[in-house]
Each structure stands twice: as structure tokens, then as C-alpha cells.
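You will see two complexes here that share chain A, one where it goes with chain B and one where it goes with chain C.
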Partner chain A sequence: MPLPRLLNRIGVYGFLGAMALLSVFPFIWMIVGTTNSTGDIILGHLGLGHAFLDNTQKFFTQANAPLIFWNSAKISLLGTALTLAVSSVAGYGFEIFRSPGRDWLYAGLLLTIMIPFAVLMIPLFMIMGRLGLINTHIAIILPTVASGFVIFYFRQATKAFPSELRDAARVDGLKEWQIFLYIYIPTMRSTYAAAFVIVFMATWNNYLWPLIVLQTNEMKTITLVISSLASAYYPDYGVVMVGALVATLPTLIVFFAMQRQFVQGMLGAIK
Partner chain B sequence: MLCFKRASWKPALAATVFAATLLTAAIAEAKTITVWCWDPNFNVAIMKEAGARYTKAHPDVTISVVDFSKSDVEQKLQAGLTSGVAESLPDIVLIEDYGAQKYLQSFPGAFMPLSGIVDYKGFAPYKVELMTLDGKVYGMPFDTGVTGLFYRKDYLEAAGYKPADMQHLTWDKYIEIGKAVEAKTGKKMIGFDFSDGALTRVMIQSAGKWYFTKDGKLDIENNPALRAALDVQQKIMQANIYKPATGWNDWVSKFTSGDVATIVTGVWITGTIKAQKDQAGKWGVTEIPTLNVPGAVAASNLGGSSWYVINSSKVKAEAADFLNTIYAKDVDFYQAILQDRGAVGSLLAARSGKAYDAPDAFFGGDKIWQSFSNWLSQVPSVNYGIFTNEVDAAVAVQLPKLAKGSVDDAIKAIAAQAKTQIQ
Partner chain C sequence: MPAPISLRRYYDVNGWFFVVPALGLIAVFMIYPIIWSLWMSFQTGRGLVMHFGGLANIVRLTEDPVFQLALTNTILFFVIQVPIMLTLALFTAVLLDDPKLKFAGLIRTAIFLPCVMSLVVYSVIFKSMFVDDGVVNRALAAVGAISGPIPWMSDPFWARVLLIVAITWRWTGYNMIFYLAALQNIDRSIYEVARIDGVPATARFFRLTVPMLKPVILFTTVTSTIGTLQLFDEARNIVASDTSAGTAGPGDSVLTLSVYIYNLTFRFMPSFGYAATVSYVIVILVALLSFVQFTVARERD
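Our next item is the complex of A and B:
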């Protein structure tokens, strides 16, 4: 390899390596933090310590870990499933069926993505109050089910869904809902997978709305519990790190399990 | 078969009705008071202790403490009060003292006045003042941040100062001692975090002043206490007797690692100091230095929070009685929370208890809690207003510039920034 190219390579890899380290560092810091005592964490100790068992034990005594984990899992899985079910039908419908007000309606839907949640929070909270849904997990799931972004995502993906497939199915006598169920869903599997990863992560990490709606310790999600642990006048950072690790694991697992489909889905299900 | 069914039907129904009556009776009797607060090791634990004590005497009332972070409590409270969804609010909520007037003034009628129920004469006056609006007192005073000057006896001894020399200091004398300490021991006098207006707040309250006048108007440009406070901090910088700190944890590490000779802060730091077991016997505590302005005393406050009863609560009478019974009368409770959690409450009578009277071995057998209790009763009352955090941020911006710039410019800049922030 000629010298200029070699130098170029070194420069590129050096830069990429530094950037990679920069983005992975918080994660490493979290892992290292779970093994260190709070004192060591404050001093910026970067090596592995011996406090992992101690921190873990404290985390599990201070927080009802199985319950809050279950709360988060229930909300995320149910919420994601419902969101995918409703929003994918909507996205499909918007693309496939023509109707007079379609584009206006769709434009309106896209506008909803731009409204910050903080603006919607209080009215939504009042609605939940009237419905008697304060301090329920349904109140967290419901508002996200018809998601403007996911509908948009599915409509874009549907553009690549070949009309020949649909026509052939119609000729074979399938009804519209059957086409969706038996032709569309299997074809778009990777689109669904990508949407699953996105929606699951968003629901799992959701903080503001669950905070407003949930009222008791028994109903809390894991994000709220970590926030509470970290809020002490003298936070036990080792315990907080264990909490953060426990909270990160499911999103990691979901992502790595579906990584291939995710990338495929982002690129378009059909090539 | 049919006959059997018919025969067994009536007693079964009777039993059910009986059981149901019992159950509703039990539900009507049992009452739950819900409390929101932050910090599982401090406020939450203390409130649980208070709840256990009350339930012992009133078995029909249980206290349910829900913990959120401080900003989360504020966010939820704000959402609940703004939306008017009554069932979304707790019965009792903890509010930081600096923010009390903001809530009382922004949400009139939202909190239950406790004057008439609670005997406020028993509490530190400054604590009562900050929760008073239009002649009514709203909260139950809780923990205090009464300040002290903590100092390393060994460092000061080496510089030629005995504990007796550390009493009744002025800030000028403090700086003079600081120079001597550095010359003799090489240690800095104080850890200083420029992004934190804490020291400024401690100083101005000791002179009975705040960023606002008693009637809530911004008081920056002609505030002698603020000028004096910035003056002192400028002198500390120019004498170079401080160790710079970035953020809270770093600031704490300055004294836990033995890098600085003194700390000027709230009483709640005591637990952190005592956690350094190898420094036992090396620390002393005395009153804070006085500011060179008329009316300044050697007592001030930093932080602290108080309990408030939500007016729309269905159990507000019980909630008020609970707070009154434990926090306004139970001296023994205050001994327990001091011992277990290092919490100093604002009830002055608490000092007559055992824990407050005990000598502290860590501080060389001094009765430090009696001292803090003395200073507590002397903390001047000020009006924290509704924009303390905004002005505090403006002060923090100017602090680092003091090393080279003038106090006049800093005050002008603080006033300008505060005005734009508040309007």
C-alpha cells in the first residue's frame, strides 16, 4: 500500500475509532459503574470494582424490581402490538385506497407528529381523568396506538408493495382484509420488525407521560423508579447504575435479536 | 335437589350481606393519606417513620408514601393542579422552600391553610414566614438547612488558631485566617463551585435580605447584602484561598479528601462529613462569619423543604391532624429522624430531646445539635419570592467574572438578566 493511502487509512480509522469509543463510552461507564461503590464512581474510577453484588442486592431491596419490570414489559409489549396493528392498517389503507379527503387527512396526521407532547399533556390528562383512567396502564398505551409517525412509516413502506401482488390476490378471490392478513403482513415482515424495534424502544423508555399518569409505587415503570433512586440528596450511584443496566437490557436484546430485519426494514422490505 | 338449593339459599345470602356490611364498614373506617416526596433515604424514609407513629395511635389511618424525584414531584403537581383532575393529586406533598411562594401564589386555594390548627410559634420563624401568604400560613415546616462553619481543627491548629479563635468571625477575619492556613499548611480554605449561588444565598439571608424585597419586588441594584456578599467572594478569589470545584460531587470531594480547611453550608452536610471515619475528631463547627452590613447575624439557611396539604383532598382533615400530631408535637420523632437520618427539623422544642443534647464524638464531644438549634432560632426571615431559581442562575453566570471584573458590573449584569428572565 502506498504511503499516502496508508496515512489516509490510519486517519480514517483513527477518527472512526475515536467516534465509536465516544458513543460506546456511556455504556461502558454504566457497566463499570455497576461494579463500583458510589465513592469510586464519583472519583471517576474506570476499572472494574468489587461492589457489583452489593449494588445489585441494594437495588433489589430498594425497588420492587420484578413488579416494575413486569409493568414496563406489559406496557411495552401490549402497546407495541396494538400500535403496530392499528397503525399498519392505517398506513396500508392510506396508500392503497383512494378517497376524496385522503390527502388532507394524511397531511393533518403528519402535522400531529410536529406537536410537542408537552402541549398535549394537560388536555390528554384531563381526558384520562374523565375516563377514570388515571393510574392505569391503559392510559399509557392508548394515546400511542394511533401514532402519526408509525402510520407514515407504514405508508412509505407500502409504496413498495407491488400492486401486481394485490391484483393477483383479488383475481384469486381474496377479500381486502384477507389480502392484508395473508399477503401484506408476510411480505412486509421486516417492515414490521423495524417498526417493532422503534416502537418498543420508544414505549420502554417513555418517561414523561407515565410519570404524569401513574400515581402509586405499584404501578410505576422502570424509568420512573430509576429517576426516583437518582434523585436522593446523596444518590447511591452504584445502585442507579444497576437500575440503568436492568432497564437497558430488554431494549438491547430486542435490538440485537431483530437487528437484521431492522436494517432490512429500514431499507425497504421489498427489493 | 331443588329443595336443597332453596334451603341453602337464604343463609348464604344472609352471610353475604353480613360480610358485605362488614366490608363496607371497614372501608368507610379505613383511610389512606397519600404523600408525594423525593429521596428514598431521607424524606421518604422520614415520612414512613412519621406514618408508622401516627398509625400506631390511629389504626384506621394509614400513610402511603410514593417516591418520585424532586423535579418529578413538581411536574406531577403542576399537571394535577393545572388540569384540575382532583383524583390525580396526593393528599400531602413536599415542596422545596425556595419554590413555596411560587406554588402558593400561582395556585390560589390549592393548598389548605393550617393556621388555626398548627401552633406556629413553636417553629423557627423564618420557616413559617416563607409559607405565609396574605396572613395565612399554609404548610408544615419540615427540614432546615441552618448553616454552620465546619472547620478542620488540625489544619487551623497548625496555622495557629484554636477553636476559641474561630468564634464570632467576620468574613474579613475568615479570609485573613485562610491566608494563614495556606501559608502554614498549603491547604486551601474553602471549596468553591462557581456554578452554584449557594454561598451568595447563605450570605444575603444572614443579613435578612434576599433577591427580593419583603413585598416581592426584585432587589438587586440597591441591595447592600448582595453587594457585600459578592465583595467577600471576590476577595476570596483574589486572595486565592479557594479550591475550584465543578459540580456538586466534586465540591463534596474537596472536603472528604481533606483538600480544604472549612465548609460553609447547611447542617445536612454533617452526615457526609461524618461518613469519613478517618477524619473523626478533626472537625469542629461554629457559627458562620458575619457580613459587614447593618443587621447581619451569624445564622443563615441553605435549602430545606416543607409539607403541604392539598385542599381538594377528601381526607384533608386527617392529613392536617397527622402532620400536626407528629411534626408539631412529637419531640421524640425528631430525635429518631436526627439519629437515623441526620435530619434537623424546624420544631424548636425538639432540642430538649435526648438526641439533640448528646455530645458528638466525631466533633470531639461537642454538643453540635444544641448549637445548630440555637442558630436555627436566629435565622432571619426573608421573602424567597417566586423567582429565586431564575435570579440564582443570573448570579452564577457572574460569579466567575468577579475574579477580574468589578462588583458593580456584576450587579448590573445580574439585574439585567434577572429582569429579562422574570418578565
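Our next item is the complex of A and C:
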């Protein structure tokens, strides 16, 4: 190999290696941190320590971990299921049945994706107040169920749904909702999987809206609890690391189990 | 022929049946709040006692140093962070696109991994890494880059740098995935021809790659802009802030518009009307910057 080309290779691998290492390092830091005492963590100790059981025990007793984990799981799974149901039906509807009025509505719908949440949060808070839903998990789920982005995602994916299948089903006398339920959903399994991953991630990690709505400790999500643990004047970082790991494990598992759908879901917007 | 007309009606009725649940929810939880918020932005008063104030809130914006600080911070983060991140993402994607590169899949997965972590979680992890005697200052000292610890948590300048570093860590891989997907759609023979014609690598990058990736560069620029303008989770969690007092970082150095709106609404004696006005500042910025980016992209055709 000629020298310039060799130097070039070293540069490329050096750069990419550094990028990869820096990207992964906070994960390693988090895992190592669960075994270290707070005193070691704030001194940058990189080796494994002996405080794992102590940290875990504190996390489970101080933060009521099982309950808040259940809160997060309940909100995310229920919220994701409802979002996929309502928004996939709408995405399908927009693509299959077209009329001029609906195209205008769809254009308006796409504009709502650009609206910052800060605009919505005060009226939403007041709406939830009137409905008597402050400090409930329903209030967290409701505003996200009809998502402009997920509807858009399903409409784009529906373009690949073969119209022959639909026509054949119509000839066979299936009703429109039966076509959706028995033919569309099974055919579009991978689209649903990808949408599941992105919607689950978003609801599991949601912070601002739960911060506003959930007011008592027994209703809080794991994200809220980690935030309040870490904002103490002297945070107990050992406990924070255990919390961070517990909060990250579900999304990490989903990522490695469904890496293809994960990336496909993220890319969904530009296809 | 009556049959096609009734058939048409049948599909129309069915079509509305499919989209109405979503549209109903969007009307209640999206459109209604958007209009209500706009109406509120012309109201003044404290708590639920509000009255029409005309442009009073807009006048208040011009006289409010905290708002101006939040606006400056938000724009500063967007102007500095987005170009750094997108350049890094594009550069990495181009290197990874080399079919002869070994470990490309492994490296790609590693760089994408930060997307798995929630914004709050990575913020608190970064917070623990950037404390005075923490792992980052120790590593920088070990390689001789610094003589004393960098005050990431207590100095306004370094707090802002920390926030920019953190956001770049979280989102570079995400944007890289978009560029990689777009690069895979480019016909490689174009590069071969250019290479044989003796076009140097940098020229190939600027004359071939960048123009062909223009749509996806535009997409990532717009989404990153919208994201950065709404910055909240990191600004509230990454730097040791006194959340009970409602400040964000030393000297409010990482106070963003979203954090300020939250403070106006839920921290202090609520000022709903004024908070709504500030939220519409974000809307205007998003609309304005998206428009500018689309226009610039079109002109370069």
C-alpha cells in the first residue's frame, strides 16, 4: 500500500473509531456508574465498584421503582397501541379514499407537525383541568393519540399496499373495515413494527407534558423521577445511574431486537 | 348510470369513517389549543383573571430582559449547534458509505446508539460526566489539553458549550442515518467516472455528493432547526440548575424559550397570556427559518 493511501486509511479509521467510541462511552459510563458510589462517580472513577446492590436498593426504596416503572410501561404501551390504531386507520383512509376536501384537510394536518408543543401546553393543561384529568395517565395519552406524523407515516407506507388485494377483497364482498382489519394490517406488519418503535420511544421518553400534568409521586413516570433525583443539590449519582439504566434498557432491547424496523421508522419521514 | 354514483358515495362515507376519529382528536387537542393560545396571547393579567390587552404582551417582549436572554440563547444554540452537527453527520456518512470499509456496520450502529437514550437520561449522564473533578475534565487533563478543570457547571460560557456538545452527541447519528440512506440511492458509477476523469476527492464531495443530497440536507436542517428551537429537556436537566427557583444554568446561560414559557406558566405566578405570546415567537421563528431554508435550497438549483 502506498504511503499516502496508508495515511488516508489511518485517518479514516481513526476518525470513525473515535466517533464510535465517543458515541458509546456514556453508555459504558452509565453501566459502570451503577456499580460505583456517588463519591467515585464525581471523581471520574472508570473501574467497576462494589456499590451496585446499595445503589439498586436505594433506587427501589427511595424512588418506589416498581410503581414508577409500571406507570411508564402502562402509559407507553397503552398510548402506543391507541396511537397506532387511530393514526394508522386515518393514514389508510387518507390514501385510499380521496376527495378534494380531504386533501385540504391533509395539508392542514401536515402543518400541525411543525407546531411547537409550547404553543399547546397551556390550553391543553386547561382542557385537562376542565375534564378533571389533571394528575391522571389518561391526560398524558389523549393528546398524542392522533399524531400528524404517524398519520403521514402510514399514508406514505400505504402507497405500497397493493390495490389488487383491495379490489379482490371488494369483489369477494368484504366490507371496507374488514379489508383494513384482515388484509391491510397483516400485510403491513413491518410498517406497524417500525411505527411501534418510534411511537413507543417518544412516549416512554416524554418529559415536558408529564412534568406539567403529573403532580403526585405515585403517578410519576421514570423519566420524571430521574430528572428530580438528578436535580437535587447533591445528587446521589449512583442511584441516578441505576434509574438511567432501568429507563434505557427497554428502548435498548427494542433497538437491538428490531434494529431494521427502528432505522426504517426513523427514515419513514423521507420515503 | 346510477351504480357508479352510489358506489362513489359508499367509498366517500367509508373514507370519512376512517379519518374522522383522528380528525376529531386533532381538532380538540391540537387545533382548539392553537387558536386558544393565539387568543390568549392578546390577553393580560395574572392567573385566571385575564382581560384583553391588545398588543401589550408584544410591548412587554421588547422590555423583558429575561425573554431577550432566552431568545438569544435559543438562537445561539441553533446557529452554532445545527451546522456543526450536520457537517459531522454528513462527513461521517460519506466515510461510512465506502463499500470497502471494514466494520462499517458496527461503527454505524455505535454512532447511532445515542438515539436510544431519552433526552432526560442522557442529560443527567452528561451532568455526572462534566462535574468539576469528573471523568471528562480528568481525561482532558490526562492528555494535557487543560491545566485546570473546566467549570462546565458554573461558568455561563462553558455551560453553553456543554449543552452544544451534548446535543451534538445525541443527534449526529440520527442525522447520519438519513444521509447514509440517501447516499445508497446514488449511482456509484458517477463517482467512478469522476475519479477516472481525475476529479479530486474534495471536488467530488462538493460538486457531486452535496448537490445530490440536497433534499435530505434540507430535511435534516429543517427538523434540526425545529428541534433546537424547542429545546427544553436538556436545558432543564444537563447543567446544575436551581429548578425550584426556575433558573437554567449559571446566570440563566442555558435558559431557552421553552424553559421560559414553562417558568412563566408553572413556576411563577402564572402569566398565561404572556407565556402564549412567547410561544408564538417560537412559531414565527420556525416558520421564518423553514421558509428561508426552503428558499435558499431552491436558489441553489
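Here, the second predicted complex is superposed on the first by the 246 of 271 C-alpha atoms of A that agree within 3 Å, B and C clash if a C-alpha of one lies under 4 Å from a C-alpha of the other, contacts with A are read in each partner's own complex, and residues count from 1 in each chain.
One rule holds in what follows: a residue touches a chain if its C-beta (ideal position, glycine included) is under 8 Å from a C-beta of that chain, and two chains touch if they have at least 3 such contacts.
The structure displayed is predicted, hence computed values, not measured ones.
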Request  = Put chain B and chain C onto chain A via the superposition and say whether they clash or fit.
outcome  = clash
Message = Let me test your reading of the model: by the given contact rule, A:Ile31 touches which partner, first (chain B), second (chain C), both or neither?
response = neither
Note = Winner on chain A touched-residue count between chain B and chain C: chain C
Query = Of the partners chain B and chain C, which touch A:Leu165 in the superposed model: first, second, both, neither?
reply = neither
Inquiry  = With both complexes overlaid on chain A, does A:Ala146 touch chain B (first), chain C (second), both or neither?
reply    = second
Ask   = Between chain B (first) and chain C (second), which, if any, makes contact with A:Met121: first, second, both or neither?
value = both
Ask   = Which partner does A:Ala244 contact after superposing on A: first (chain B), second (chain C), both, neither?
value = second
Task = Please indicate which partner A:Thr216 is in contact with in the superposed arrangement: first for chain B, second for chain C, both, or neither.
result = first
Request  = Kindly classify A:Tyr234 by the partners it touches after superposition: chain B alone (first), chain C alone (second), both, or neither?
outcome  = first
Task = With the two complexes superposed on chain A, say which partner A:Ile42 touches: chain B (first), chain C (second), both, or neither.
result = both
Task = Using the superposition on chain A described above, determine whether A:Leu67 touches chain B (first), chain C (second), both, or neither.
result = neither
Request  = In the superposed model, identify the part of chain C that clashes with chain B, out of 75-83, 93-101 or 147-155.
outcome  = 147-155
Remark   = chain A contact set shared between chain B and chain C covers 42-43, 121-122, 125-126, 208, 211-212, 227, 229-231
Remark   = The answer for chain B against chain A in the complex is residues 34, 38-42, 64, 66-72, 75-76, 79, 82-85, 87-88, 90, 249, 252-253, 268, 271-272
Remark   = chain C residues touching chain A in their complex are 11-12, 14-19, 21-26, 28-34, 36-37, 40, 92, 95-96, 98, 101, 106-107, 109-129, 131, 133-139, 169, 172-174, 177-178, 181-182, 215-216, 219, 223, 226, 229-230, 232-233, 236-237, 241, 243, 257-258, 261-262, 265-266, 272, 275-276, 278-280, 282-283, 286-287, 290
Task = Give every residue of chain A touching chain C within the complex, in rising order.
result = 12, 15-17, 19-24, 26-27, 29-30, 33, 41-46, 86-87, 89-90, 92-94, 96-99, 102, 105, 109, 112, 114-127, 142-143, 145-146, 148, 151, 176-177, 180, 201, 204-205, 207-208, 211-212, 223, 226-227, 229-231, 235, 237, 240-241, 244, 247-248, 251-252, 255, 259, 263, 266-267, 269-270
Ask   = Can you list the chain A residues touching chain B in their complex?
value = 42-43, 62, 121-122, 125-126, 128-129, 134-135, 208, 211-212, 215-217, 224, 227-234, 236
